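Next, two complexes with subunit A in common: one pairs it with subunit B, the other with subunit C.
Take a look at the complex of A and B:
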């Protein structure tokens, strides 16, 4: 009951859509509701979940980041090439290199925003290009095939925690990705809900000036937020490479808008100050539901972006409509 | 009585911004348990002084001692650590966050514990709320609360920190009488515990009731410290403005009986019911009543922003339908709204752009582009005519004081040459000097033949400016005072009683 009270309108709306959609798909394909589907979906969604946590935090603070795919591929791909060149087989080092790069680039975003006092959107739009360009110059963009991947990537790719069989008798397992994903989600939840930094992030998203007056160092907070987003991008970079089991370093670029769409669908306020982890997860779930199961309804996967767009529009219309009615009551005409 | 230990000693504080000397050699001492009133017109530098003490801005020169210790580099954190709390006029709340979070926030920051505990946050919040004896749900978001409750939350937030010195910038503007009384009681309670409170308030009579001392600042200079007992509001107005302020009651000189504006049986469900009024040339028609009586809603309906359900509006004898502000402007109606910052001004734009906003149609040149020379010429004229204190017409309007912003807004509508001019509580949060000027302009408009509707809470304001008054209560017209009735010597008391009780209106509604 307490949980029901806590979920907001957006979340309720998403849950209803997800449930109805699942029933629809199940009626067409009785094999849909199964552990196997869940495991498969999770494996493809893992990277997006991690990235969405970073986007969520940035958006709550009133900012926006479009450079995270560039950071993720910079971290992951550089780490891969270093491991290949030096024969490193340590999982820990692989992540450490990627994460370190991610944090440095993320902090770079924040420092630029702090110094130039420009919109995070403009800054990260430029740095996305700068970072990706820098990587192609320094590291290159050579495709790395599955057979050339170092052992730790193969392990990461194949290791499963629990296994189950799908409708054709094939073995499907819960990817070990669940561990980094769970760590990232819980860590983000912990920072946002249980720490002073988290309060500061919400506060600066609500009212930057008031946060400053209250005694928060908003510049430091911003460095933390973008550094953390970089950290998550670093983790994702490695998982992405392991997940695709081969890498074309150009492929990740351009995916930022779908991640941001997931977060916005999840109810995070584009102007800052509000957003939930649960909502964001629902947004990601919806995205992957559409991307993976539309075939069951006889629709091609191209319909995914159409449906995502519709859901996004509906949720934006309802919230803005509510605000408009509220404002009208107070005779504020913003439109 | 105030203690003997000084909490803050600010000596020879000066502050200059580019080209403007905001404070010049101001020294103020605040004692333990003292209730001080910092009085002065808007833009006199009192807010700057508070910001310097709060560490939000740095003084250009001068020394600040807190608890006897000289502060070399005084930051916001130093101030908070020293127990100095400011409730800014904009409240500085976090609108999408909960009541509990907002109240506890500053305390959490001061304690600096990296982890937060929801139970502890709720306890801090409920303790602070208990201190002022109000009950507001801890989980409510600030944006769901009324302005009055938000004010209380801001006060609770400061109380939660066990402040030693509390600045309150215009704390009573949005509070009802009862809330003000309970606030003043709380302040007395704080005083007993040795906490000093500095009010920065325009509602002088309320605050002076409990103040020990009053410090007046004018144009960046300290005029003096006065004991509350040795000063009255007239004297204070003199110190603040440097001139005698006396309001002349307005008298209509125009003898035309034709209605400029006539409203017949206008009804909007939930806002107002069966409202009729008649406005002639040179009338200043007062519209008063408690908050929520339907005054603003009625004004918006006349201005085409709140479509009425039924009833008729006539302008100069012709029946009109006003669907939007554009229609209203074409009919010669101007409106200065209640919330000038939200509803009226383009805060980040220049004075020039703000003044020209309502007459763009008239100053557009070839191909619909705006003739910037004409617009500038007009703004310069407005700045001159309305004595707007500003460096030039390109100054961003948000940097102006409330009084000057309001004058710019009035200038905007004056430029349209309105036949019917509605002003909704035009002097809220505005200092005495600007207030007198605004009254002067309003009366001048009317004398030149404009019909003015003046909406106001302040009965003094209504009585000084209006030749006729309508009192509203709960969406109904309770009584309309004629020009003859307005001349009664006890007119203020009559209106006051009616506004509070609303008696005739309710009875009328039941019949």
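Take a look at the complex of A and C:
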């Protein structure tokens, strides 16, 4: 009961949608509600969950980041190529290289925003193409097939914690991806809710100037936020390559919109200052429900982004409308 | 000449743009000579430039208002797909209706779809107070999702030859699409300088609270501007269709970055209020020159992307440095005046 009181309106709305949609799909396909579906869905959603945590943090601080897919593929692909060239078999080093690249590029974003003092959106839009272009020039765009992948990627891709059988008798297991995903989610929760940095991030999103006058070093905080988003993108880069089991370095770029959509659907305020991890997770679940189960309802998967757009607009409009009415009462006029 | 110099010193970002433009022209001439500046290359440049220019005008208007329209390319895509469906006879029998009627209906459909999509953006931004970036990001998902759902990702091509005339024909040496872009440009410039709406756009971009208290109906102006931006998307969609003889989801994905860059390079401040539309037109020429040079140099699309991104960052750095210098000069001037009195 205590939990029910804690969740906000957006999350209730999302839970209702998810439950109704699940019932609808279940009535069409009785094999839908099973552990096997959950495990497959989790495996494909793992990367998005990690990235969405970074986007959530950036959005709470009042900015928008669109460069994270470029950072993720830069980190993951470079680390893969280095491992292939030097014959590195260590899982730790693979992640370390990718994460280091991610942090450097993320901090680069923050430094540029601090210098230029412009909308983070425009700056990350340009750095996204700079990073991606740099990677294609420095590392190349060669596809790496499943057979050429180093051993650590293969083990990461195959290792399972628990296994279950699906309706056809095939074995489907809970991927080992749950460990990095859980670490990232808990770490984000800890930073946002239990540390002074987290309070600073919320303060920055509510009012940048007020946060500065309250004694937060806003520029340093921004470097931390984007560095952390870069860190998460680095982790995701390795997981993405292991998850697809082969890599086409051009494929990830262009997915930034779907991750941002998940976070905004989850109730994070696009102008900053509000956002929850639980809501973001609900947003990711909804996205993957649409992407994988529209077929059962007789619609092709190409309608997915249309439905996402509709849910996105409805949740944006309702939350914004409430705030607008509230503001009008206090004689604050916004467009 | 003196007048020009006086004018340029007043508007420094315009001067930078002018120097930049002349520099590129010269560099291209030294590098390529007549292989760049012959009639054929110039004509093909004019063909390619028009659609980007029209999209950039729409983006520039939204930026003048302090907003941004990220859905403009998705909007153009949706409009061109629906118009393509009319032209290929998905909605009614084109044999029975005749070529003229079909083309007329297609043009009306493209323009109306563009304007309706723009109107939706405007209403959500002004009446529900959602921030422009997020609104247009999500309508971008919506519009491209709708286009994707309708077509399933296939391209629609083969239009009546009379329609293709619009994209490939020219009046004398000048392409028809380029003439259209120029007409749109002249109308917009007159509207911005001479009409009430134009002045209101500048006021709102400069300070939206102040403009509200001077009695401007901010919400109506915002809706109008985003609808105009949608209209630009509709016109650009017709140009794209007629030029490439096909419509496909995801056409012109790189335009997104280019269009924003053209607006910023043209001196439109991303935070609103400042900027001139003719700067945008000159910036379009700059970019098209570079684009042609890249093709002659045979750059890969990825290195093109890198260069676009770098340029956007450098332009913003120059603009910032220039703003800081002029602000410092102003402060110095004021302190001198104060100490004199």
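Keep this in mind: the second predicted complex is superposed on the first by the 326 of 335 C-alpha atoms of A that agree within 3 Å, B and C clash if a C-alpha of one lies under 4 Å from a C-alpha of the other, contacts with A are read in each partner's own complex, and residues count from 1 in each chain.
The rule is simple: a contact is a pair of C-beta atoms (placed from the backbone, for glycine too) under 8 Å apart; a residue touches a chain by one contact, two chains touch by 3 or more.
All values reported here derive from a predicted model rather than from experimental measurement.
*Asks:* In the overlaid three-chain picture, which partner chain does A:196 touch, first (subunit B) or second (subunit C), both, or neither?
*Replies:* Once the two structures are laid over each other on A, A:196 reaches subunit B alone.
*Asks:* So, A:306: does it touch subunit B (first), subunit C (second), both, or neither?
*Replies:* A:306 sits against subunit C, while subunit B stays out of touch.
*Asks:* Between subunit B (first) and subunit C (second), which does A:121 come into contact with in this model arrangement: first, second, both, or neither?
*Replies:* second
*Asks:* Kindly classify A:274 by the partners it touches after superposition: subunit B alone (first), subunit C alone (second), both, or neither?
*Replies:* The first partner, subunit B, only.
*Asks:* Looking at A:244, would you say it contacts subunit B, subunit C, both, or neither? Reply first, second, both or neither.
*Replies:* After superposing on A, A:244 lies clear of both subunit B and subunit C.
*Asks:* Where does A:29 make contact in the superposed view: on subunit B (first), on subunit C (second), on both, or on neither?
*Replies:* In the superposition, A:29 contacts neither subunit B nor subunit C.
*Asks:* Touching A:206 in the superposition: subunit B (first), subunit C (second), both, neither?
*Replies:* first
*Asks:* Given the superposition on chain A, which partner contacts more residues in subunit A: subunit B or subunit C?
*Replies:* The partner with more contacted residues on subunit A is C.
*Asks:* Need the overlap of the two footprints on subunit A, from subunit B and from subunit C, as residue ranges.
*Replies:* Residues 333, which sit in both footprints.
*Asks:* State the interface residues of subunit B toward subunit A in the complex, per the touch definition above.
*Replies:* It comes out as residues 54, 56, 76-77, 80, 86, 88, 90, 92-97, 101, 105-106, 108-110, 112-116, 296-297, 300, 305-306, 337-339, 342-343.
*Asks:* For subunit A, which residues are in contact with subunit B within the complex?
*Replies:* Against subunit B, the touching part of subunit A is residues 194-200, 202-203, 205-207, 209-216, 269, 273-274, 331-333.
*Asks:* Contact residues on subunit C for subunit A in the complex?
*Replies:* Residues of subunit C touching subunit A: 68, 124-126, 128-131, 133-135, 137-146, 148-149, 152-153, 208-209, 212, 218-219, 222, 253, 257, 260-261, 264, 270-271, 300, 302-310, 312-313, 316-317, 320.
*Asks:* What residues on subunit A touch subunit C, complex-wise?
*Replies:* Residue positions touching the partner: 64, 112, 115-119, 121-123, 125-130, 132-134, 136-137, 141, 254, 257-258, 260-261, 264, 270-271, 299-300, 302-310, 312-313, 316-317, 320-321, 323-324, 327, 333-335.
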